[in-house]
Amino acid sequence: MKLLKGKWASITVPLLSVALGLLVGGVIMLVSGYNPIVAYAALFNGIFSNTYVIGETIRQMTPLILSGLAVAFAFRTGLFNIGVEGQLLVGWLASVYVGLQFEGLSPIVHIPLAIIAAALAGAIWAFVPGFLKAKYQVHEVITTIMMNYVALHVVNAIIRTYLLAPGERTDQINASASLQSPFLESITDFSRLHYGFVVAIIGAIIMWFLLWKTTTGYELRSVGFNKYASEYAGINVQRNIVLSMVISGAFAGAAGAMEGLGTYGYMTVMADFTGVGFDGIAVALLGANGALGVVLASALFGGLKIGALNMQSVAQVPTQLVEIVIAMIIFFVASSYLIHWISNRVSKRGKI
Amino acid sequence: MKKKYGFMLSAVLAAGTLLSACGTNDANNESSGGGSSEGGSTDFKVAMVTDTGGVDDKSFNQSAWEGLQQFGKDNDLEKDKDFKYVQSTSASDYQPNLSGLIREDYNLVFGIGFLMQQDIQTIAAQKPDAQLALVDSVAVNEDGDPMENVASITFKEHQGSFLVGVIAGMQSESNKVGFIGGVDSELIKKFESGFKAGVKSVNPDAEIFTQYADDFNAAEKGQQIAATLYDKGADIIYHAAGGTGNGVFTEAKNRAKNGEKVWVIGVDRDQHEEGMPENVTLTSMIKRVDTAVIEVSKQTMDGNFPGGKVTEFGLEEDGVGIAESQENVSEEALQKVEEYKEKIQSGDLEVPSTDEEYEKFESSL
Amino acid sequence: MEYVIEMRNIRKEFPGIVANDNITLQLRKGEIHALLGENGAGKSTLMNVLFGLYQPEKGEIHVRGKKVNITDPNVANELGIGMVHQHFMLVEKFTVTENIILGNEPTAKGQVDVKKAAKDVEAISKQYGLSVDPNAKIEDISVGMQQRVEILKTLYRGADILIFDEPTAVLTPQEIKELITIMKKLISEGKSIILITHKLKEIMEVSDRCTVIRRGVGIGTVNVAETNQDELASMMVGREVNFSIQKTPSNPSNETLEISSLVVEDARKVPVVNGMNLSVRSGEIVGIAGVDGNGQSELIEAITGLRKAKSGSIKLNGKDVTNWKPRRVTESGIGHIPQDRHKHGLVLDFSIGENMVLQTYYKRPFSRNGILNFSSIMDKAKSLIKEYDVRTPSEMTPARALSGGNQQKAIIAREIDRSPNLLIAAQPTRGLDVGAIEFIHAKLVEERDKGKAVLLISFELEEIMNVSDRIAVIYEGKIVAIVRPEETTEQELGLLMAGAKRKKAGETT
C-alpha cells in the first residue's frame, strides 16, 4: 500500500486504475460469452502491433490533445467549455475554406494561415458564451451547449450552399495547405498520420507556457481560483473570463484544423457531432487539466479507440461491448479517487 | 505438412470444377489465383465494412451482410474467418477498418455506402494490389476515371422508386403522399425524383411533400418528420433514409393503433416485417444490395474481379424492384406497375434521377 | 485521580512536520479544561486525534480509565465524545431539528418521526438553558443560535464530553457572555468540557485548568486560579508578551485621505454609507469603531474601487480617486488588508510566493514583456517571509496550507511592503493569537511612525482603543463622533456606536 501514497501515487494509481478497468471489462466480456484474453490481445495488437496502428493512434490523439487542452484551459479559469465540439466544427470549416483558397501559395504560409483561421473561428465561436458570461452572468454550460447545435447546422448549411462537392462534402483542399505527409504515411504503412501531431504538441507547450510563465496565465489562474481576490488585486475579471473562453475556443478550432487539414483534407456534411469535443472533456479531466496530463490522457483515449477497431475485427466482440469495456477503463481511471479511498481503508485496518 | 497434402486433393478437385465452370481466368488476379492452387476455393476471404448504422440497420448494411452470409453459405466459408463484417462507430473509422481488413489478407473488401468513397479511393491508390468494392458510388482516380482495383456498384434506384411511386399514386386516398430522405445527396435524389415521377404519372393532381432528415441513423428524427407529414394529410410515406426510416414505421404503427389509415413504403429490403403487426407497409422498393454483393464476390472468387468497372443494377438485372410482399397492393396498381416496368425496360420511358430531369419530366406530362 | 479522558504522550506526524509531540492532556469529570496554543500550535490536531479523525503514531488514549482505540468519529460518538466545530456543519435550508437528527433519524414505520425528535430537542434545550426553537430554519437564526444547535447536536447524540473548538471566534460580546453561562450550566449537569482557544481572557473567566501547547509540544498544565494572563501568554508564546502597545504620541501632518459627503449603496440599493465625512492624516492611525453592518465594509470597498460610490468624493493626497478602478487605486498608493482574508486577501490555491505579488506581478522585476520571472518573485517572497516571520515550509507552499495567523502575516507583508501612503486595515487581527496580534499592532504603529496614514476598522473596542490615535465612531453610514482614546472609555464608545449623542464637555453623567 506504500506505493499508493507519496510520490509514486501519480504513476501507480492510474496504472492500477487501468488494470481494474481491464478486469471489470474482462468480466463483462466473459459474462457475455467472449474470451477476454483474445479480446485484450486484439486490443493490445490493435494499438502496438504494427506501424500502421501506431500511426493511426497518434493520428487519433492529435485532435484529442487540442480539444482536451481547450477544455482544460477554460477549466483553469473556472469555466466549463462544453462547446469545444461546436468550436471544433467551425474551426474545421474555416481551415478547409482557407485550404480551398489561395492555390499556389507556399505551404509555409498556407498551412499556418489555415490553422490560424481555424483557431480564429473557434475563438469567435467561444467569444459569444464568454461575453455573455462576463457581461450578463449567463451560465456558460448552457450557452456553449446551444452553440454546438448552432455550429453543427450552420456549418452544414454553409457546406451545402457554397462548398458542396460530390459525396456530401467539400472539395479536397489544396496540397499547399495539407498537413498530410507522404513521408509519415510511408513509414507507418499508409496510416493517416500527419504533421498535425507536431501542431498538437506545440499547442500543449503553448498552453503550459501561457498558463505558468506569463502574466496573462497568472491572471487567468487567479480568476479561476478566486474571483474576489483577483478583483481586489486589480485584475479585470470579466476581461479574463472572455479571454479564457477565446483562447479555449482557439485550441478547439485548431483541433478542427487537424481534421480538416490532416486526417481528411476536406469536410463532410455532418449528420452528427464528431464526439472529439466531448471526449476532450474526459481527456482534460483525466489529464488533471495539465498540458502533459492532457497529452497522456489523449494517448490512452486514442489508443483505446484505435485498438477497439481491432478488438471488433479480430475477436468479434461487438462494437457496443467494446465501447462498454473502453468506458469501464476510462471510468476507473477517472475515479482513481476510489483507489485512494480503498488504500486508505486498508492502511487503517492494518493498524487496528 | 501431411495434413496439407490430404487436404490438397479435395482442393484441387474443387478448383478444377471451378475453373472449368468459369472458363477463363484473368491473369491479373494473382492473389486469388495463387491461393486456389494451394488451398482451393475455401482460401477465398471476403469482408465488408459497414457505416455507423451496423448490420442490423434493417436497410442496406443489413442487406449487404445478408448477401455476404448467403455467399459464405453457398461456398462453405467460415464466418468470422473467411467472411465477416466490421462496424464503424464514426466516419473516421472507415479508413482503419478498410485498411485493417486488407492487412488481414482479405481478397475482397466491400465498403458499404457512398460515404466511404473518399476512403476507398485513398486506400485503393495506396494499395494497388488490394481488391475493393464500393456500393452506391463510383471510385475514381485523379483523372476522374474509375479506379482499376475498385469494383463500383450502383443501382438504378430511380427506376424502382418510380414503381413504388406508381403504387402510391394509385392508392393514396387523400391524394397527398410524402417522401423522407436520409441525407440530401445525389444518391437520395434518385429515389426522390423517381418516386415523384411515378406518383405524377398516374395521379397528376397528387401533392407530394418532401423532407430530409440529414441523417441516416436517427430514428427519432424520422418519427418526427413522419408525424409532420401525416399531419399535413399525407397517407403514404416513402422513406429512403436507412435507420432513420425505422422511426417512420414507429409513427405509422402508432397511428394505425389509433385507427388512422396510413401507409409506409419501405426501402432497400422488403420491409414488410417492420410494419407488423399493424401491417402498415404498403410495399417496399427493394434494392438488391445482397444480390450485388453475392455477384461481385462470386466473380472475384472466380478470378473475374470486376475492378475498374461500374456495375449498375437496374430493373433489367433485377437489382431494383418492388418487394415480394404484395398483400396490401391493389390488383389495379400491380397491373400499372407491370405496364410501366415494360415501358422502362424497353426504353420508352426514361425515369428522371435528378431534380432537373424531374422538372423536365413533369412538364412533359 | 480518575480522569474521564486521559491522552498520554501523544505524537502525531505529518509528512515533513511533527504536529504533536509528547502531549499529555487529562480531563477531570465536571471541569472546563482549556487547551491553549498559538495558531498552528497543534491544538486542532490533538483534538482530531481524540475525535478519531487522525491516528497517533505514539501514545495512548484512556476514556473513563479504559484504554481505547478511536479509529473514527463514530467510535468517539459511542464513547460520548462530541465536538462543537468552529465552522458549523449545518444545512441552511433545514430546521434546527432536522439538522440535529441528520444522520441519526428516529423512524416510525419507516418514516422520519420529526415531531418526536422536535420534542426531544426541546427537552434537551430546556434542560441546559439553550432556548433554541426546534422548528426555526438555520438560515433564519443568528450565528450564536447556530452554535447552540451544534451543542444540541452533540447532546442529542448523548455526549458527556464536549470539545469546543474556538467557540468565541465568531460571536459578539453579548453572545460570548451567554455561551459562558451555557458552558457553566453544562458542567453543573455533569458534563466535562475541553475548550480550545487562544483567548486568555476567556480562559481566566471560565476554565478550571489549562493545558498549554507550543509548536506541537506540550508545555504543561496549570490551575487557572493560580496563574494570570501574563504567565499563560508567556507559556504559550515562549517569551514575555506586551499587551499594551508601546507607542509615542502621534505627529500627524497633511491630510492623506479626505472623504466628503460620500454616499455608497449596497447590493439592495440601500445607501449604507450616507453622506460620510472623514479625514486621515499622514502619521496617524484613525480607528473606525462601530457595530458590524453600519457601512464599514462598503466604505472600504468604495475607497479601494471595489464598489461604486453614488455621490461624494474620495481624495488621496489631494487627488480625486473616486470610482477609480482597483488597480489604479492601488497604484496611487493605497494598501488594503481586507476583512475576509480567504475571500479577498489571498488566492488560497496559489503558492505564498505567487500571493506575494498579487498586485505587482505585471511590474518589473516580477515580469518583463508579459513573461513572469519566477526567480525574482520567489526571491521577493523569501525576503518577505523572513522579514515578517511568516511560518511556512517554503515560499512554494500553497497559501491554503498555512495557519490563519501566518496567512494574515503574508497579506500584511505584501501590503506594507508596497509602502502605501494610506494603509487600510480591516479587522487585521480577527481570529489570531496574542503573539500575532502583538506583531500586527506593532507593524501598524511602525507604518504610522514612518509617516503613513493608517485607517483601522475593527469590531473589537479594545483594539480600537489601544491602537488608534483618533477614533471615528460610525453609525448608520455616518461618522457620528470623533474622539481621542485617552479622552474616552469603552462604555462611552459603546453608547456612541449604538447611536447615542455624545455628551458635551462639562455635562455630568
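Observations on the model:
Here the chain labels run A, B and C in written order, and each chain numbers its own residues starting at 1.
Definition applied: a residue touches a chain if its C-beta (ideal position, glycine included) is under 8 Å from a C-beta of that chain, and two chains touch if they have at least 3 such contacts.
Keep in mind that what you see is a predicted model, and the values were worked out from it rather than measured.
Once CA atoms are averaged chain by chain and compared with the all-protein CA average, the nearest chain turns out to be A. Among the remaining chains, the Cα-based centre furthest from that of chain A is the centre of C. Mean C-alpha positions place chain B and chain C at a centre distance of 77 Å. Chain centres here are Cα means. That of chain A falls 45 Å from that of chain C.
Annotation: 36 Å between the Cα-based centres of chain A and chain B. Of all the residues in chain A, the ones that touch chain B in their complex are 50, 52-53, 56, 60, 156, 160, 166-169, 185, 190-192, 259, 263-264, 266, 268-269, 271-272, 274-275, 306, 308-310, 312-314, 316, 318-319, 323. Partner chain A is touched in their complex by these residues of chain C: 15, 55, 69, 71, 304, 306, 325-331, 336, 338, 343-350, 354, 358-359, 361-362, 367, 370-372.
If you check the complex, the residues on chain B that touch chain A are 54, 80, 84, 86-87, 89-93, 95-97, 99-101, 103-104, 114-115, 117-118, 123, 126-127, 137, 183-186, 214-218. By the touch rule above, chain A contacts chain C in their complex via residues 6, 212-218, 221-222, 225-226, 228-235, 348, 351-352.
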